[in-house]
Amino acid sequence: MVTSLYVGRFQPFHKGHLHAVKYIANRSDRVIIGIGSALESHTLRNPFTAGERMEMILLAIKEANLPLTKFLIIPIPDAPYHKSWVSIVETLTPSFDVVYSNEPLTRLLFKEAGYEVREIPLLKREVYSGEEFRRRVINNENWREIVSEHIANFLVTKGLIDRVRALVSTDKPK
Amino acid sequence: MVTSLYVGRFQPFHKGHLHAVKYIANRSDRVIIGIGSALESHTLRNPFTAGERMEMILLAIKEANLPLTKFLIIPIPDAPYHKSWVSIVETLTPSFDVVYSNEPLTRLLFKEAGYEVREIPLLKREVYSGEEFRRRVINNENWREIVSEHIANFLVTKGLIDRVRALVSTDKPK
Amino acid sequence: MVTSLYVGRFQPFHKGHLHAVKYIANRSDRVIIGIGSALESHTLRNPFTAGERMEMILLAIKEANLPLTKFLIIPIPDAPYHKSWVSIVETLTPSFDVVYSNEPLTRLLFKEAGYEVREIPLLKREVYSGEEFRRRVINNENWREIVSEHIANFLVTKGLIDRVRALVSTDKPK
Amino acid sequence: MVTSLYVGRFQPFHKGHLHAVKYIANRSDRVIIGIGSALESHTLRNPFTAGERMEMILLAIKEANLPLTKFLIIPIPDAPYHKSWVSIVETLTPSFDVVYSNEPLTRLLFKEAGYEVREIPLLKREVYSGEEFRRRVINNENWREIVSEHIANFLVTKGLIDRVRALVSTDKPK
Amino acid sequence: MVTSLYVGRFQPFHKGHLHAVKYIANRSDRVIIGIGSALESHTLRNPFTAGERMEMILLAIKEANLPLTKFLIIPIPDAPYHKSWVSIVETLTPSFDVVYSNEPLTRLLFKEAGYEVREIPLLKREVYSGEEFRRRVINNENWREIVSEHIANFLVTKGLIDRVRALVSTDKPK
Amino acid sequence: MVTSLYVGRFQPFHKGHLHAVKYIANRSDRVIIGIGSALESHTLRNPFTAGERMEMILLAIKEANLPLTKFLIIPIPDAPYHKSWVSIVETLTPSFDVVYSNEPLTRLLFKEAGYEVREIPLLKREVYSGEEFRRRVINNENWREIVSEHIANFLVTKGLIDRVRALVSTDKPK
């Protein structure tokens, strides 16, 4: 049985993430989706809470008719130091065999810890990215095409689009 | 739709916990099972990691034929201060309507935060408790009857019974 | 001008504390009352929040007709390490000349940091202590004589006596 | 009785802050002035300690003949996560009814926690701001008109203007 | 080349520790002596700072005529969670091949991380222990025979014996 | 006997650092080399672990034929707040008489704590700096002339040059 780990911040969970999840699910018996920087929220870079991000992932899995029982969705807080991060992932998740990631630091840390790390084919990275999503929300451009329909509705209904816009002018760092 | 929250440390997940989970599931559309003190492990009081405890919960749900998709299992790290703990639960989980707990501090904190808190009928508390489990493991008494068969096998196979016994003589606090 | 520092946990602020505050006020132009372990609350040892303890101190100063403008009441969180604690006090308070304390560790740390540390004459320590107060509350004995009348009323009205009793049976450490 | 909360970093406490304090005091029986980022100091953005900022606030209240006993000045350390910040404010302060703030994140967090949040009319924001103060100090322009006379003297006497200038060339982040 | 790791709290560094260090040095090209709980001090259990403990180790190595250049003495702060502790040791030290320890938790964590862990023959454990040292200091019994002569003099001269005695009556936990 | 303290981040330990160490060693009986931001690693600004930096310092001391027993090399983690940093240095190191530093914040904090702080003559700062080293590594320019030959070999052999290059494209902050 192959268990794969896929960690992202999912701010928000967009079509590129869904593409990756499908790709990994096709190659695994079980997929652990780690919600990174889980305790961060209410900043421009990390506007949504881990609970809100988990709701989005559940909506996307359902909307895409993926088998829900194949997935474990687990919030992963940041480590105080990069060198401890892998141990925090390991303690919070069932054990896994392969790590899927394109993020250089994530790849580096898991490789130094002895894991097999695989690339994920990217889907239209210039559109499907959290940064592009936040840019469009702030500039009132078409952010809806970046996420699934159900997630778009969720973001509006819960007032989360308004939250992103309110956070633009804060002077608090992080 | 009623979403319920049930937080425990599950060191280990025993038959009393399963009894509570069934009771809550019968009264809820969705049940969030929060794994408390999620980052603690390798102590006598908290021998198992959150990942190991999640495996046990998944085994128990499967063994009891409960509908897996009704449950969200979410690790909840301790807050640095009790008064912040509810906010940490709220940020890590989808929103919930009711809290089930018999633990006095948990009840107090959620009540002060404005939540409805309900009691859970206990099942043979003098046997089905983490403390009694750990006591029996250490004294080589019958700990198997406290957990489900699959969990008992999991604990032995993964070397977790040995870990509890090794931790007896440590002089490191916590 | 002489500024004095007096740090206590004030769980609760009792007649012994008031006695000490009067003694120090008579020997100082300004008195900084530091509320120690400021972020701890909702434990048997530290049941009350810093805000609740500040309310008690304000009630006691008023009830005793002490000149309010002579006092600064400042919450002081615990340091991660004892050796940093004096620096945390120094950063949170205006500068001070003398420290009043009978607590051995407090005395040691301030002396090692070069401060003059003075003893405070104790008033009926066997009755006027936070530990004795909590013991009496739990055992339904006469706790009212340990605090001023206004503080006793405050504790009852705000439900804080009930909180102490609820905390007796928690199994959460700290 | 109406208790209002006003939180700022007060780096330094300038004429705009004093204007806001007067405005709030006219609408409240008690004003809690929270010194935000209380444990930060010795950075360009946060050069002064909470104790130094408290001295400035006390000087300003006295200089403006405001009734000192109406105010509680309370240092508020940053929360590890934004979503816990309101709970840290609540634990450190007596309870309050209204929050005065123009800062978007502060407004957002208190609104999500259920508080009434009110705007404060700003006084010459392009001059009366901590950023402009620090800019002028560094460039040897007229920073004195931004703060009250007593605060200006305090800053010079205590060597705090020199501290701001020394911090310009540090390469330590934060 | 064989590099060995030996971690202890060394409160204080006693003759049993020196015995272990000699044993390990005979089997290694390089010995990393990790001073555990490095940031703890001023408690009965951990009275001495890491700097003071380093001085003691240097005195003992010199007194015993061991080759100083064979040793690296490195303070190791506690990890926030046991499961991260090995990663903190690894980040603070040059890489090592073998771990020497009799402490069950230390052994467990290094074994789970894949290290070879070896036992150390103990020397009169009932006398040569930090606990026994502290007990004798407090009760005015013969503590001098537990440490080397130079360390005994160091402890007296620096006022550290007085510190242990002062800490007996503190009511601050940890 | 004069003990001097010299703290740097040593990312990496370059010829400018060696120049400073020689200068200080000539004026001291003992030199404490503090490895600052000791727990940071795997970022562009702090690519190397404290253990890797300690190896580099040992190589440089050996290569330059400096008397190893004159030096104590001690990792110093960052303090949570600048105002506590000096207390963390003091607790982790044997006591020292003089501080050598050109860094404005370091100078400020030690001066405020009452220490004598001395300047160090810089050697070709435009070349011998960690920033310039990292810039050259990333741009494939001549970084070897910035460090000693043994350190250059160490960096290549241990894969640390590759690590710096991998970290260029991470989107993780810090």
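The chains carry the letters A, B, C, D, E and F, assigned in the order they are written, with residues numbered from 1 in each.
Here, a residue touches a chain if its C-beta (ideal position, glycine included) is under 8 Å from a C-beta of that chain, and two chains touch if they have at least 3 such contacts.
Because the structure is a prediction, the values reported are computed rather than measured.
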### Summary
Under the touch definition above, the chains in contact with both chain B and chain C are D, E
### Summary
When contact pairs are matched by residue number, over half of those of D-F recur among C-F, B-C or A-E in B-C
### Query
Counting in whole Å, what is the centre-to-centre distance of chain B and chain E, each centre being its mean C-alpha position?
36
### Query
What whole-Å value do you get for the distance between chain C and chain D if each is reduced to the mean of its CA atoms?
26
### Message
With centres defined as the mean C-alpha position, give me the chain D-chain E separation in Å.
### Response
46
### Task
Pull out every residue in chain C that's touching 2 or more other chains.
39, 41, 49, 80-81, 83, 88, 90-91
### Chains touching one another, given as label pairs in label order
A-B, A-D, A-E, A-F, B-C, B-D, B-E, C-D, C-E, C-F, D-F, E-F
#### Entry: Touching residues (chain side chain F, partner chain E) in the complex
38-39, 41, 49-52, 54-55, 68-69, 72-75, 77, 88, 90-95
## Note on the structure
Contacts from chain F onto chain D in the complex sit at residues 45, 80-83, 103-109
### Summary
Seen from chain B, its contact residues with chain E in the complex are 39-43, 49, 163, 166-174
### Residues of chain C that touch chain F when the two form their complex
79-81, 83-84, 86-88, 90-91
